[in-house]
Amino acid sequence: MIFARVVGTVVSTNKDEKLVGKKLLLVQPVEIDGTVKGNPLVSIDAVGAGEGELVLLVQGSSARQTSITEGHPVDCTICAIVDYIEKGGKTVFEKAKDTAYSVK
Amino acid sequence: MIFARVVGTVVSTNKDEKLVGKKLLLVQPVEIDGTVKGNPLVSIDAVGAGEGELVLLVQGSSARQTSITEGHPVDCTICAIVDYIEKGGKTVFEKAKDTAYSVK
Amino acid sequence: MIFARVVGTVVSTNKDEKLVGKKLLLVQPVEIDGTVKGNPLVSIDAVGAGEGELVLLVQGSSARQTSITEGHPVDCTICAIVDYIEKGGKTVFEKAKDTAYSVK
Amino acid sequence: MIFARVVGTVVSTNKDEKLVGKKLLLVQPVEIDGTVKGNPLVSIDAVGAGEGELVLLVQGSSARQTSITEGHPVDCTICAIVDYIEKGGKTVFEKAKDTAYSVK
Amino acid sequence: MIFARVVGTVVSTNKDEKLVGKKLLLVQPVEIDGTVKGNPLVSIDAVGAGEGELVLLVQGSSARQTSITEGHPVDCTICAIVDYIEKGGKTVFEKAKDTAYSVK
């Protein structure tokens, strides 16, 4: 899984029938220190993530292993909202102190 | 899923039997601001996309999860036509105002 | 799917039992304008492609969705021979006029 | 499979139901000589790896082929802890002499 | 499939139960002319390849389509040992004359 920020939404009225009723979120892959990494992706959300939150993306066929995405034409799903990241014994990310959190 | 523009078509009379009758579209991956990103791909269309439209591509095994592509040798499918993209609370793409829309 | 040229063959007497009797083709991914892109891959052929021809490669699990490759340890299959490519209303590739066609 | 170091943990209280009770490890892909390669990933652990250990990551749908990850929305799993690497007849990595081992 | 050289072995006593008894080979992706390409991977061997041999790697879910790897947490399998490569009508690799063959 990789880290990403929820940065927006994508609206589509003409989409595959299995995607009807699914919210499409715009997600920006990021490094742990917050640096943007590559271009935004479009993801389905399995956990109720909000804009600005740091999340984990699961990709490929594994993106279809949630109850929300099973059997759907989806290759990217938000499977977790990150609370803390510990690296080398130190807390390098803490959601409550996330300065980048209020994106809007 | 990633963003792409429909930029043309690919004609093949000699193709796998499961692809017979399927239209092959030439799609150019793009960034949200319209910048071209990488080389064109060839995609099956599950939603009736037209040339110039901004669409979402689903790739890998997930490209086979539509009623049109199930069980087919297809690793890239157009699963949605984009109407709006909102990023950071602002509309950054709107199909009705899409200046790049009339490609032909 | 991506574009590639058939540029040769790979001979192997010691290969997985499911690959016995399958021809292994050397294929070079290319851009639409003919520019070489990355290193050659080895592909199974589902459509009887000949050396020099511009073809479409399907990759990953989707490469196993032809009658020739089903259940095989194959991650790259030629699924179509390209006759024409139209981009922005213009024909940018035509097999009959393909100057790169007689590779040998 | 690729080489990675276990460098930390990721805590998430809001995650897909199938991930509840699974430990999420922060893993840094590395080259054999220890050089960092790309950004950290988040992985499930199938073998009880500890921080600092050199491990093998299996990715994609294959990451779901362990008894711990079967059917889960997981695209990266630690499937082995590396004891030795031999290259060209020489031992180029030995866990007991791993100077990078005590990360904390 | 891609080309690689078998360059060594990886020893692991603590690995997923399905990998017990499987030999883990260190393989270096290469170009046809022998140039090293990217970092080494770790692969399962379905054909009895020896150190120094030029082989074909099958990746992703297709790596699990051999009798040796079916259902295993494996994303890279050696599926063939290369005898000859012909490109543009010329033999560009011949195992019997492979000067890089005696790596040890």
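Which chain is which? They are A, B, C, D and E, in the order written, and residues in each are numbered from 1.
Criterion: contacts are C-beta pairs under 8 Å (C-beta built on N, C-alpha and C of every residue); 3 or more make two chains touch, one makes a residue touch a chain.
All values derive from a computational prediction rather than experimental measurement.
Undergrad: If you walk from chain to touching chain, how few steps can bring you from chain C to chain D?
TA: Graph distance in the chain contact network comes out at 2.
Undergrad: Note down the smallest number of touching-chain steps it takes to go from chain A to chain C.
TA: The distance in steps between these two chains is 2.
Undergrad: More than half overlap in residue numbers between the two sides of the chain D-chain E interface, or less? Answer same or different.
TA: The interface is built from different residue numbers on each side, given that under half of them are used by both copies.
Undergrad: Using the average of all C-alpha atoms in each chain as its centre, how far is it in Å between chain B and chain D?
TA: Centres of chain B and chain D (C-alpha means) sit 35 Å apart.
Undergrad: So, what's the distance in Å between the C-alpha centres of chain D and chain A?
TA: 22
Undergrad: Touching two or more other chains, which residues of chain B qualify?
TA: Residues 60-61, 63.
Undergrad: Assign the assembly's chain-to-chain touch graph to one of these shapes: line, ring, star, complete, other.
TA: Contact pattern: a closed ring, each chain touching exactly two others.
Undergrad: Using the touch rule from the top, order the ring's chains starting at chain B and going via chain C.
TA: Result for the ring walk from chain B toward chain C: B, C, E, D, A.
Undergrad: Name, in rising order, each residue of chain A that touches chain D in their complex.
TA: That would be residues 1-3, 31-32, 37, 46-48, 56, 58-63, 65-67, 69, 77, 79-89, 92 of chain A.
Undergrad: Can you tell me which positions in chain A touch chain B when the two form their complex?
TA: Listed in rising order, the residues are 7-19, 24, 26, 39-43, 51, 60-61, 63-64, 71-76, 103-104.
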